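Quick notes on the structure that follows.
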Amino acid sequence: MRVILRRLGVYAFTAWVTITVNFILPRLMPGNPFDQIAAKLTGVVTAQELQAIKIQLGGDINQPMIEQYWHYLNQLAHFNLGVSITLSSPVSTILAGQIWWTVGLIGVAAVLSFLIGTVLGVVFGWMRGSRADNVIPVATFLQSVPYYFLGTVLIMAFASHWHFFPLENAYDLSITPGWHWDFISSLLRHSELPILSIVLSSLAGWMLGMRNMMVTIAGEDFVLMAVAKGLPRRRVIWHAARSAILPSIANFTLAIGLLVSGSLLVEQIFNYPGVGNLILEAVGGEDYPLIQGIFLLITFTVLGASFLADILYYVLDPRIRTATAH
Amino acid sequence: MRSLQIPKSPKVISGVVILGVFIVLTVIGPWIAPYSPNTNRFSTSQMPSWHHLLGTTLLGQDVFSQLLVGCRETMVVGFVAGFIATVLSIVVGLAAGYIGGKTDEGLSLLSNVFLAIPGLPLMIVINSYLPPGKQANPLVIGVVISLTGWAWGARVLRAQTMSLRDRDFVEAARIIGESRRRIMFGEIGPNLLPVLASSLLFTILYAVGLFTTLAFLGLTPLSTWNWGTMLYWSNTQNAAIAGQWWWVGPPGIAIALVGTSLALINFGIDEFINPRLRAGGLSARQRRKVGMSRRPHLGFTPVRRVSATKPTGSN
Amino acid sequence: MTLEHNILDVQDFCVDYGYGESAVRAVSDVSFTLGASRVLGVAGESGSGKSTLVYGLTRLLRAPGVISDGEVTFTIGAEGDQRAFDLLAATEQDLRAIRWSHISIVLQSALSALNPMRRIGREFDEVLRTHDKNSSKESRHERAIELLAMVGLDADRLDRFPHELSGGQRQRIMIAMALALRPELVIMDEPTTALDVVTQREIVSELYELRRQLGFAMIFITHDLSLLVELADEIMVMYAGHIVERAAATDLYHAPRHPYTLGLMNSFPPLHGERKELSGIPGTPPDLKSLPAGCSFSPRCAYAMDICHSSKPPLVPVDETGRLAACWLHDPSHSHSVPVELARKHVRGVEAQ
């Protein structure tokens, strides 16, 4: 349990660093973005909201820094992320509306690619030395293809040649959203291609990592012992795979950051609603409150996912789990 | 100390060759480009031909020239960022692993923080605060990328240093009274080389990826060329929907090839670090050459009676 | 003494590492037989090919190991109802059926031989279930407890992970597991080498006791000859992949015939009895890629003659008891007198000088 608490401490600290960076960055930059924004916003938002944005962006330079900081934290604690300049509504409301698209898309894609990649890695690791090794160069190439490029290629293939998949949006905009089959099937159809691009780009990484680990673990005595015990092949592979999966989970923190970053662009390519699409609009419109809000949201989501991976690791590795128990 | 012989497998060789080609292009690319990447005096959206090896863009620019010119910026930023990040990870990782104690805790915490914050959103935020109209020069972006990309290498190096720290030869150096710095750089350093090389490759890979992504988003100066800006232009001008594969494809494939070459070289380093990836790893082709029809299955040792040609050692 | 059949019959067994041009021979022309319920000790320095031999016999050798010649016949069953298996011709399926229920193996490092992710109980359960699909979970659990009791461990060890146990406990668990299916042959590859001397001695005497009760045949590998005298009926000494001497355990121990055996004995203190000065063997084992001409041991041998550097000695009987050694010293046509320390007489039960 101590291990988990320690990790939690690290993530809490990271969250604090992220928040603080968010606070300091605008204040570090030359010039003052606030003045431009204030000009744009006068009359659009209430004075109180303006004040919140001001704090966030370092506009209220009359207050001492520490007080600004305190105020900023206070606002955050109440989920007050300011008001979007381009969309003229509270950032927290906008994000609440968009986050589920992103979490849904990336979540499903990440789980799929992890599962498929891991299983393939186990199989190819076990079949090392057979013709299946030819998959390595292909996978290495696939692993190196940027997510957004793969998305583009898929669009190109399916737009100009085969019309299998819808290429834009999360659902057919002529259908009213709701709990009925038309909408749900449209939703699924529209997510196929984005999910395919994310899965294809991230799959190879899991697969190659898992293959390497399988080959390594297959060299351990206990796997040979499993054979010596006359266990069927399936069980021998399971002995090895169970240990080999741990490094994959340990690398999850690193991988999830790359995956989320890549997926944000996939949203953009497929014009899929969600945070990724939003961040680019926000950058285009110099919508600082929105940019900051999104940054915090993404970082916290990644931290949350990493923490889940840590818990999973803890559950799966008895050496850590029992380290303090006995 | 082990000799630093990286296995010369076909994978490593092809990786080195591909990377070598791109490094050469980094140097000579802008010189051998047939046209200026900006010239838009050609007929628009042409398929590849002898005049335009990779066709032309919607604006009538030569894609092949853009690819050659864009190689330099892409590679230089990637390598510069990769090197800086690796230097940072050496300093942090070695210090944390060797000194240990409070230093280690502090530095590990720092690495964990940087590891957890996703790089792309952070870069977007930093970029958005740069004064309007004053987009950073690509090298500055490279430096910022390196600040977000050192943590993984530091973690790996720390672990390796810690395992080396307690080995005999380091102990021996300590006993004969070598200074801490001598031990760190003279004894531990060379043994870290393979891990270091692998971390360098990955950091370059990461930097090339992040830089081209930022460029793809139009967040790097559009006045100069790299593969990311090429993709930016093709994307904003809907080249994919229009099916202009000769415009969309080359920069993306080039990025992927650079990544592939780095990963292929890393296979060799992996095999060096972890002998199990190599031992008994007879490829299907090598196996056929010695006349084995079946790959060895774990725990079912093959029997091949070849008494006619007795191998060495049997006298 | 009843006439027992041979459980294992090995003829001209050869193992190579590598394929084609790059192959090196790690086990050369090894032949021996092992009677049911007998114990064969295999001794030799590290790297002499002991593990390669037994992994090869059981077809467990990893790539790039290849069995390059020989015959291995494994025979089980009572008289009149015997089944013989050609282990080198056996299919994967045949081998799976034979493994563990008839031949089990214990490795040097129990820590690495146990799956770190699993509780001990689950390992027992798995192996018992695999070979008896119809058994109930309770019966398997009971059998596991019974097996642990045989090696002097409490039932609560079943809930532990390998890393929570001491080295001695882990090795006892491996031994218990090896006996789980009452196999006819148990192979032990340096099972005590990683343990401290006290635990080593305890485990050896436990093994002695277990063997007396259960009567399984055993191949016991060690580089410590003194351990073997207590356990083995017969001892084989290996050097550079060859058998250099083979004799009844006490004969070999008290009256070695090969200079290498003599050197090996001087490398370890006897488990019981007075301590002698340990002299060891000068030099290092040869590189299999470039074995010296003639007798592989000749460069390190204090008694080497000219012929030893040019011609390989065959493994032949060296006295009327039929004990074997591969050394030119015992061939009268090449050597006029045998050094006294290699010509001791040993009368069973009496320690003769």
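Labels A, B and C are assigned to the chains in the order they are written; within every chain, residues are numbered from 1.
Here, a residue touches a chain if its C-beta (ideal position, glycine included) is under 8 Å from a C-beta of that chain, and two chains touch if they have at least 3 such contacts.
For clarity, every value in this text was computed on a predicted model and none was experimentally measured.
Counted by C-beta pairs in contact, the busier of B-C and A-B is A-B. Relative to the centroid of every protein C-alpha atom shown, the closest chain centre, again from C-alpha atoms, is found for B. The distance from the centre of subunit A to the centre of subunit C, each centre being the mean of the chain's C-alpha atoms, comes to 55 Å. A separation of 49 Å divides the Cα centre of subunit B from that of subunit C. The geometric centre of subunit A is 22 Å away from that of subunit B, both derived from CA atoms.
Contacts with at least two other chains are made by residues 279-280, 282, 287, 296, 298-300 of subunit B. Shown for subunit A are the residues that touch two or more other chains, namely 129, 219, 224, 227-228.
For subunit C, residues that reach two or more other chains under the stated contact definition are 60, 62-63, 95. Contacts from subunit A toward subunit B in the complex involve residues 10-11, 13-14, 17-18, 21-22, 25-26, 28-31, 33, 127-131, 133-134, 136-137, 140-141, 143-146, 148-149, 152-153, 155-156, 159-160, 167, 212, 215-216, 218-219, 223-224, 227-228, 236, 253-254, 257-258, 260-261, 264-265, 269, 279-280, 283, 286, 288, 291-292, 294-295, 298-299, 302-303, 306. On the subunit A side of its complex with subunit C, the touching residues are 129, 219-222, 224-232, 235, 239, 242-243, 316-319, 322, 326. Contact residues on subunit C toward subunit A in their complex (touch as defined above): 58, 60, 62-63, 95-101, 104-105, 107, 109, 112-119, 126-127, 130-131, 161, 163-164. Contact residues of subunit C toward subunit B in the complex are 14, 16, 18-20, 23-26, 28, 55-56, 59-69, 88-89, 92, 95, 241, 288-291, 293, 312. For subunit B in complex with subunit A, the touching residues are 11, 14, 109, 112-113, 115-122, 124-132, 152, 205, 209, 212-213, 216-217, 219, 231, 234-235, 240-243, 245, 248-249, 252, 255-260, 262-264, 267, 270, 274, 276-277, 279-284, 287, 295-296, 298-300.
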